[in-house]
Structure formats: structure tokens, C-alpha cells
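So, here come the structures, one by one.
In the two assemblies presented below, chain A is common to both, partnered first by chain B and then by chain C.
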Partner chain A sequence: MKRLRVAITGLTSCSGCQLALLNCEAELPQLLELVDFRFFPMACSPATLESDYDAALVEGCLSMPHEQELLLSLRKRSRYLVAVGTCAAWGGVAALKNDQDREQLRQQVYGTDSTAALETFSPLPLNAVVQVDATVTGCPPEKEELIGLLTGLLKGSLPTLISYPVCTECRMKETLCLLTERSALCLGPLTLGGCGALCPALGVPCEGCRGPVPEANLAEAMEIYLQKGYAQEAACERLRRFCPGWRA
Partner chain B sequence: MSGSRKIDILTRVEGHGTVELLREGGKVTGARLNLFESPRFFEALLVGRRYDEVAEIACRICSICSTAHKVAALQAVEQALKLQVSRQTGLLRELAVQGGQIESHALQIFCLSLPDYLGTSGFSGLAAAFPKELNQGLRLKALGNMIQETVGGRAIHPFNLMLGGVGKVPQAERLRLIHGQLEALHDELAGVVGFVSGLPESLPPVSALPFLAASGGPPLFGDRLTASGGETVMATSAAAWLHERVEPGSNAKVSRFDGKKTFMVGPLARLKLSMPDQTSERATGALLSSSLLARAVELQQALDRAGILISCLLDEGVGQEPPVAATPASGVGTALMEAPRGTLLHSYVFDKGICTAADIITPTAINQAAMEISLQKLILLMNSAGYEEVRSSCERLIRCFDPCISCAVH
Partner chain C sequence: MRYMEISKLQRLLDLLRQQGELHSPVLGDDGVTRFELLPPGKLPDLAAIRTQLPPKKYLLHPQETILTYQADAGYRVPLATVPAMILFGLHPCDLAGISYLDRIFLGDEPDQLYLSRRAALTLIGVSCTPDEFCSCRLYPSPLEAWYDLFFQQSVDGIAVSIGSPRGAELMKILDDVMEERELLLPEDTRCFFGRKIPLPPESELDQGLPEWQVLAGHCIGCGACSVCCPTCSCFDVLEFGGLDGSSAERLRRWDNCLFRSHAEVAGGMSFQKDRAQRFRYRYRHKYRGFGQVKGVPGCTGCGRCRAFCPAGLDLRALAGKLEGDAS
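After this line comes the complex of A and B, so read on.
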């Protein structure tokens, strides 16, 4: 079989989605027989852009002009471009204060007389600038999702977007409902599944790290939050930690 | 011919940076490090957030060091809120941090550094030419991740480490399984240290710089900074002493201690500080290139320490306990610890439970000045070498520091 020619890079991010791939220790040797990591600066040298890739996997959001340039360049060279992780899909934690003036944030950290990162702009998800062919969300995504993405691409298929909430996975696992039974501010009803409801299974409320589920029963969820003593705004504010544009 | 040329982007390091080589008359005459990583402004993002959100957000600074960031942030917040966690929580956090140390060091040695010594382009080249070495590294890395997953719930951004405690306490059976694996890999580690110490020298002899590390606690923890010149600074004054400021050419702040001195942090610094008279001379040696061996020695130490911690937990009877409840309060908290790449500081101010100021100082930010000085030394030593040779040596030198540029800029 022809090896899949892949470019992997990170923009404004923590490199966690790329590390999640490098964390597939058991699968990596076999994966290397199937996938040719042609551009992967975090793990391979040199970082030279080539004329074409079967797929580009991009982690992180956009907050600097040079990132936009790289993204456009990868789009042009790649048959498929995949947004990997919550930052690439929604903006993520870097976009936490997108409602505030970026220059003010810059000065708050660097001081008023510094020119460091002068070109920074409010973080954007990838689809604000390029056409994104598929999205794998999560902060970070699950290893299985990344393996599935690459093996799917090998056969020329793209992953389908998950449309059910974390709640569904909790029910399948018969995990105790932290919202109804423990009155915790769990974002499971409003958050995209696919993680296997990892956090609630250990008794930790869902923090919404995979972004909003498209067909959430918002009215119902908000009513339960209210019953449990959480104002609608508290739930929304928590959900915006990973998806700044989210509105109830 | 004069001018400058940039190394396009540093590879096999975390994050985004370059080295700019200055040339005059066909010779390389100087080098400038440029960490152009995009800032996320974490210190501004955290202001206004509730006490129970701070560590969950702050751990997103970096993936490789997310356990270290999470633990340091939790400790700083708990100190500010005067929250005392249980001994079991302390041991579990320590274990998670050792797991992170194992994962990070195995990744750096086997996937990022080894290609320099074995002449391949990265881990994919290793898989073809040196499968035994790569697989050994991946096994160690997987064990580090297994520890982080068992305690933190997940290897990256460990949600199970919470304010006041842990969500679900790991089962004794699972800890025993890890203990068995630690023992199984222990003997292999001696071989790894031997293998690394037998690798040929990859750099001209650039000497190591004065160093510092956190001390006064269990391995990788502490309440003060201790430097090679004998200086000791308590955690509460550490930020002022580290004296971070913005300098042109980098999006990461630079530390000039007391406004002028330069120190390096990381595995070599820690070993020089904790075992100055050790026989393992190359690991605590005078050369910067000893960093790789220091990392291998630390890998062995981390495996040993993780085993001791698990034994402690099992002997004392590990069991489920609810996290200590926190109440919104006002106060200041500062935590120092050793992340895989060196000294890490998290400091927060709270007013009635709301964060009003955040200060985070990371290993690679501290190492920036040391990297710059070391690059200059390297270029002096490579006086007659051509551009490509200098360029490749500069990258190798930077990898000695195992930079984490997302951390540095945050």
C-alpha cells in the first residue's frame, strides 16, 4: 500500500494534540509503515514544506500572521486539511478573552513599552480562514481518534463528526450522573462526546473541553442547571472556556 | 559577504523558535535565538477566573509539562486559600509528576535527541534503522504515561488532579501492576544509561553554565531556589530574584538574575546540585552535552522514586477520600517545583476567590539567556566551520536544553 503523505503542525497551542499522537506508543512502529510524516517539526527534521500532501493535520488556533501564511500554504498543498483539537476547531482556551481588546491583553503581559508579539490578533479557529475538511475535537483528542483519523485517511475516508453529547456515553457506561445525583456543574449534556465520558467516570464533572454538541437540548439542560442552583450564565461561562463564541 | 540567515524553524523541540546566524565574510560570527511562538497571554487570561478554575486552565500552557503545571498551579492556589491536602494526595501528585518526568525524558532521549547521534531525521528514521532503541524508548515513555493516566485520569491535561485532592483515587491493584512494570524496566535502565554514556560526543566542548534548581522538598519539589554559587532564595522572593523582563527578539520573557547573572536549569542542573560528587562524572560533568546523559540518569531516578511512592501508598493503604473543600478566600500563593525541563514557578493572588494576578515563570524562559550564551560559545569554537555545519550544531546545542517553547512564551 502507498504510504499516506502527511504534514502535521501546531499553530497557537500547547502541542498536546501532536503529543497525543506521539503518545500512541504501542501503535507508532506499525503506523510508521503506513504513514509517512513528511512535515512534522515537533518530531522530525528537517521542516521543509513539499509540494503536496495527502493530508495536513493542524493543531491550534490562529493568532499571528505567520500562522495564517503557513495554514494557507498547507491548505494549498494538501488534499485534505483536518482541524485537530479544540483550539483548531473552536479557538480553545487561548480565545478565553476574545471579548477583550487584544492589545490590552498584550500590554497586560508584556508591558506598555514592549513590541513583543505586536502582530497578535484575537485567536480564530481554522475554519475562519480556510476550508476545513474534517474536525477531530478534544483537549486533547483521544489517541484512538487520531489513529482512526490516519487509518481512515489511508483508505481515503474522513471521520464523521460526532453529534451526540458526553451524556450519552455516560449512560452507555452506566456512570453515576454528577449533575442530577451530585448537583455538580457538569457540562456533559451540552458537550460533544467521543471521549468516552472520561472525566465523569472518575467523578470529575465534564468541563466541556470538546466544544458544544450541535443538537443539545439546551432548554432542558438549562432548567436542570437552574434547579441545581446554577444560573444560566454560570453554565454558559463555563462552556465558553473552550469555545468563546458559544451563546445560549 | 555579510548578513544573516535563519534556521527555518527549530525541529525536534516543542514549540516554535529559530536561531538566526550572523555572517561576515563567509563565516558565521554570531547567533541570535528567537522564540517567536505565539503568546496566549495566560497570565492575563487567568485574571478574573474563580479559584477552582485556575489550575484547570493553567495546565493548558503546555502538554508535555501539563502534569507539572497542574500540580504547581494547584499548590499555589491551595497555599493562597490556606487549604491543606492529605498525605495521600501529596504522594499521588508526586507520583504523577514522576510519571511526567519519565514520559518527557523518554520522549526527548529516544525520539528527539537520539536521531542526532544515530544520523537519522527523526523517530521515523529510528524505526527503520534502530527499532530496538526506539521500542525501548517507547516502552519507557508508555510507562510514564500509564502512571500519569492512572493518577491524573489522562496523560495530557490531567483532570483527576483536583483542587484539594484527587477525583478518583487509583486502585491498589492498578498501582501494583505499575510497580511490577517499574521493576521490570529498572534493570533495562542501567543498559540505557550505559548506552547513552557510550554515544559519541555530538558537539564541540561548550561548557555548562552556573545552575540552579528548586530544593528543600522531596525530589522535584521544594520551597526555595538553590544556585551553584551558594545563593538561596525562598519561593516567595523567587519571582523578584528571577527578574523576568521583555527583551527584543523573543516572545518569552528573559531572566537576568539580580539584573545580570545567567543560570541554567534542567536535568544537568538538578544532578549537579543533588549529587555533586557522584562518580557518574559525565552526567554531572562540565560540558553542556552531558545534558543527555543527565536526562538518562534522571530517568532511572524517576523510575526508582515512582516505585518508592507506590510502595508508600500501598503500605499506608490507598483509599478513596473526598477532596478537601475550598472556600473562596483572599491571599497569595507561590509554588516552586522542578518540571522535566527545570524550575517552574506559579504564583497567584486571590481576592474573595477571584484571581487578581498571575505570574508564571517556566524553565525554558529561564534557560533562554543560557541558550544565547552557549550559542555564542559554540560559534567561537566552530571558527572555521561552514554554514551547514554550524547550523546543525546550533540545533543540537539547543536540544541539549530540551526547550519547551509553548511553556516559555505561554
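After this line comes the complex of A and C, so read on.
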């Protein structure tokens, strides 16, 4: 069988999504039979760009000009471009301070007398710059999602984005609802599912790491949070941790 | 009538355990009551009005493989032997829920997976006292709930009704803990949706009813109402390729008609674009039924959708208005 020619790279990110794939230790030998990782700087050298790929999997958001160049050249060379992880999909934690002045932030971190030109811009999700064919969200995505993405691509199909919230999976697991029973600030109702309600199942409220669910009813959720004693700003701040786009 | 003193409950449970895996409502450390394996020595949580998930979880798993594909063998239903299981402590609404699912999954073309699990189940009902979320007293149609045995709780024990040949067989085994008593049980006055009713005209579910918008405005789309409903049984179908490059698995996963994806078709088109439309659709299916259950209302009154809705939504007022209220 023809192996899937894949490029994997990370832009501004923690490399956790790529690591999640490398952590699929039991599956990697079989995966290597099906997938030819042609460009995967984090895992194999040498890493030089080739003329074409069946798919490019890109982790992280865009915050530097050279990242934009790399992304554009991967887009040109790949049949499919997949945003992998919350940063690539929504901006993620790197975009946490997008509402603040960039130059001030730079000075806070690198000092005022720093002469080295640090060319950065406010972090953007991939679809702000290129066409994204599919998204696998998560911080990091679940192992099954990454393997499913690759075996799907091998058959020429793209993964469908789950459209229901974490709550649905939480209820399917018959977990205690931390929002209604413990008045915790759980972001489950507003957050895309797919993680199997990992956090609430362990007794920890959902932090919203997978980004916004389609048709999120923010107004009513805020009403419920308020009834539980959380001010709108506190809830919004929590939401923006993984997706700067949230505004109440 | 056959009667058991409550002091003999442990002995009864031990006898039942010899007939199969015994599952009943169990109060967890986290305060949630769930149907689960009842370990010897532990008492079932018979005081609980409702478990969080209904017993449908035994018949339709939240997510399960329904077909496997192998290049040489083609598609196969992954049928496995299901060990005999006894569900003890089912309230009438949950029995009615299983009866409703039976209509859907054991109708014209029985679902093999459902059938294999259903055949392994023995259903033992227990009477209960409705709380503020229950609506089993509201509607004017009598309960249709199939059971093998039903235990009517009274002051110091339970009176047993037999509902099936399997129940009659089981009673022989339970005879040790039973005695004969002359009892006059109060007539069961509960009314359930669950039997065919004459349908009010379709036009009554007018798209223009303001209720649909109001419900949609408050719903946060969490999915709890259908996940926890004993009769909601819509599922999504997904297929995944195996790591060997040739095999595949087809899954079904519980779905909810309030989700955008539920009515979405190829090309991003949708039959129910906004949540208000979807509420009307949900109402229509739940209270009027269609397909195999046309005319069979699918609300058993268990109250889960109300008890677990984070937005506190309650369709009782609307149902009272549209279906006629018995009270």
C-alpha cells in the first residue's frame, strides 16, 4: 500500500500536540507502516521541505514572520492542511494577551534596552492566514483523535469536528455535574467535546481547553454562572485562556 | 398475594445473585445514584427517585461498535454472549422506557445487539413516590411498562406481581423468602405516556408558538436532557479505519436532536437550522412520536430532563397546554 506522505511541524506552541503523537508508543510501529513522516523536525532529521505532501499537520499559532512563511509553503505543497491542537485552531494560550499592547508586552519580557529585533505579532490561529481543511482541537488532542486523523487521511477522509459540548460526554459517563451540584465554574457547556470529559470525570471543572462549541449560548451560560456566584468578567477571563475570541 | 417482609431483602438479593449479575441503583461516594453491579452485603439505593442515567445504558451503550470490517470476512455484527443480568429496582417510568425502546429496536427489523442484551435481562420493578420533577401523574394515558416482576412497597415489606413467564419461573426460586398474605393494595393512580393516544392535529405544534424561541433562548445545548432520557435513542454513526490499513470499525454514539449536527446533511445543509426549530422537533418526537412509535408518546415522566438541565428548563407547562392535562 502507498504510504501517506506527511509533514508535521510546530509553530508558536509547546510541542505538546506533536508529543502526544509520539506518545502513541504502542501504535507507532504499525503507524509507520502506513505513514511516511517525510518532514517532522521534532522527531527525525534531516528535515528539509520536499515538493509535495499528502497532508501537513501543523501545531501552534502564528506569531512570527518566518512561521507564516513556513505555513504558506506547507500549504502550497500539501493536499490537506490540518490544524492540530487548540493553539492552531483558536490561538490558544499564546494568544492570552492579544488584547494588550504588543510593544509593551515585548518590553515586559525582554526589557526596554533589548536591541535585538524580535519580530512578533499578535498570535493568530492558522485559518487567519491559510485555508485549513480540518481541525483536531485539544490541548493536547486525544491520542485516538490523532491516530484516527492519520488512518482517516490514508483513506482520503477528513475527521469531522465534534459539535457537542464536554457536558454531553460528561453525562454519558454519568459523572457528578460540578456546575449544578457543586457550583463550580465549569466551562463544559461552552467547550467542544472529544476529550471524554477528562477533567470533570476526575472531579476538576472543565477549563475550556478545546475551544468554543458551535452555537455556544454564552448569554445563558453567563446567567447560570452568575447564579452560582461568578461575575461575568471572571468567567470570560477563564474562557479566554484558550481562545481569545470569547467576548460576553 | 405473595409478600416479602423487608427484613428478608438481603436474602432475596442473594437468591437473585444466583440467577445472574445483579444490578440496581447504588449511591456513589460522590452522591450520584447509578445503576451498577450491586456487591454482596451492599443494599440498593431504593430511596433514590432516579438514577442519573436510565437503564437504557445497558441496552444501547453510549458509544459502541456496531459493525467490524475485515478485508477477508467483510462486515460483521460484533455479537458476544451476554451474561444473564437482573436489573432490580426499576421504577415504573424506567420500565416504560425499556418498553418504548423495545418497540423501536425489536420492531420490524430487530437490532441484533439490542436483542442480545435485552434477552439477557430480567426486569424487576419497584414502586416509588414521585417528587417535584416527576410528571408521571400528569397525563391522561395509562402506563405501558413490561416487567418480569414488580414489587409494590408497603409498610413493612413488598407485594409481588408477576408480569411474564420468566417472572413466574423466578418466583419459584424466590419462594423461600415469600409468604402468602391477604392484601388490598391501593390502586395505582399514576398515568403515563406510553400507550397509543389519538393524536391532536399537527397544526397545534405551530412553528409560530413563542415557546420554541423561549426554550431555545435558555438552552445551553449541553445535551443532558437526551443523554439522561430513558427513551431518547437517536445515535450518530461513525466509521474508523484500523491501524492495519485494511480493517475498519463502525460505531454508534448517542446523539441529541438539539445539536446542530443532528439534522445536518452533506454540503453543510440542515433540516433544522436553529435551536427553536429543533425544540419543536424534539417536542414532536417526544410527545407525539413518529416512525415506529408514531402516536406513542415517548415521555415516561421520569423527570430526568428537568432534574439535570442546568438551565432549569421544564416542558411540562407546554405539554399540559398542547396535550391536555389530567390534573
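Note that in this section the second predicted complex is superposed on the first by the 244 of 248 C-alpha atoms of A that agree within 3 Å, B and C clash if a C-alpha of one lies under 4 Å from a C-alpha of the other, contacts with A are read in each partner's own complex, and residues count from 1 in each chain.
Just so it is clear, contacts are C-beta pairs under 8 Å (C-beta built on N, C-alpha and C of every residue); 3 or more make two chains touch, one makes a residue touch a chain.
Computed from a predicted model, the values in this text were never measured in an experiment.
Visitor: Check whether A:Ala47 is in contact with chain B, with chain C, with both or with neither, and answer first, second, both or neither.
Guide: Once the two structures are laid over each other on A, A:Ala47 reaches chain B alone.
Visitor: With both complexes overlaid on chain A, does A:Glu207 touch chain B (first), chain C (second), both or neither?
Guide: Touch status of A:Glu207: first partner only.
Visitor: Looking at chain A, which partner touches more of its residues: chain C or chain B?
Guide: Touched residues of chain A are more numerous for B.
Visitor: In the superposed arrangement, which partner chain does A:Tyr230 touch: chain B (first), chain C (second), both, or neither?
Guide: After superposition on chain A, A:Tyr230 lies in contact with neither partner.
Visitor: When the two structures are overlaid on chain A, which partner does A:Ile147 contact: first (chain B), second (chain C), both, or neither?
Guide: In the superposed model, A:Ile147 contacts chain C only, not chain B.
Visitor: For A:Phe37, decide between first (touching chain B), second (touching chain C), both and neither.
Guide: So A:Phe37 only meets chain B here.
Visitor: Please indicate which partner A:Cys167 is in contact with in the superposed arrangement: first for chain B, second for chain C, both, or neither.
Guide: In the superposition, A:Cys167 touches chain C alone.
Visitor: Give me the intersection of chain A's contacts with chain B and its contacts with chain C, in residue numbers.
Guide: Common to the two interfaces on chain A: residues 203.
Visitor: Under the touch definition given earlier, write down the residues of chain A that touch chain B in their complex.
Guide: 10-16, 18-20, 22-23, 25-26, 28-29, 32, 36-37, 40-48, 63-64, 66-67, 92-94, 96-97, 105-106, 108-111, 114-117, 120, 123, 139-140, 198-199, 202-204, 207, 209, 241
Visitor: Could you list, by residue number, the parts of chain A that touch chain C in their complex?
Guide: So the residues of chain A touching chain C come out as 1, 27, 30-31, 33-34, 147-148, 151-152, 154-155, 160, 163-165, 167-168, 171-177, 179-181, 188-190, 203, 213-217, 220-221, 224.
Visitor: For chain B, which residues count as touching chain A in their complex?
Guide: Where chain B meets chain A, its residues are 8-16, 36, 38-41, 43-45, 47, 53, 56-57, 60-64, 66, 103, 107, 111-112, 115, 121-125, 127-128, 131, 134-135, 138-139, 141-142, 145, 153-157, 159-160, 162, 167-168, 246, 248, 250-251, 395, 406.
Visitor: What does chain C use to touch chain A in their complex?
Guide: Residues in contact with chain A: 28, 30-32, 34, 52-53, 57, 62-63, 217-224, 227-228, 238, 240-245, 254, 256, 259-261, 275, 308, 310-311.
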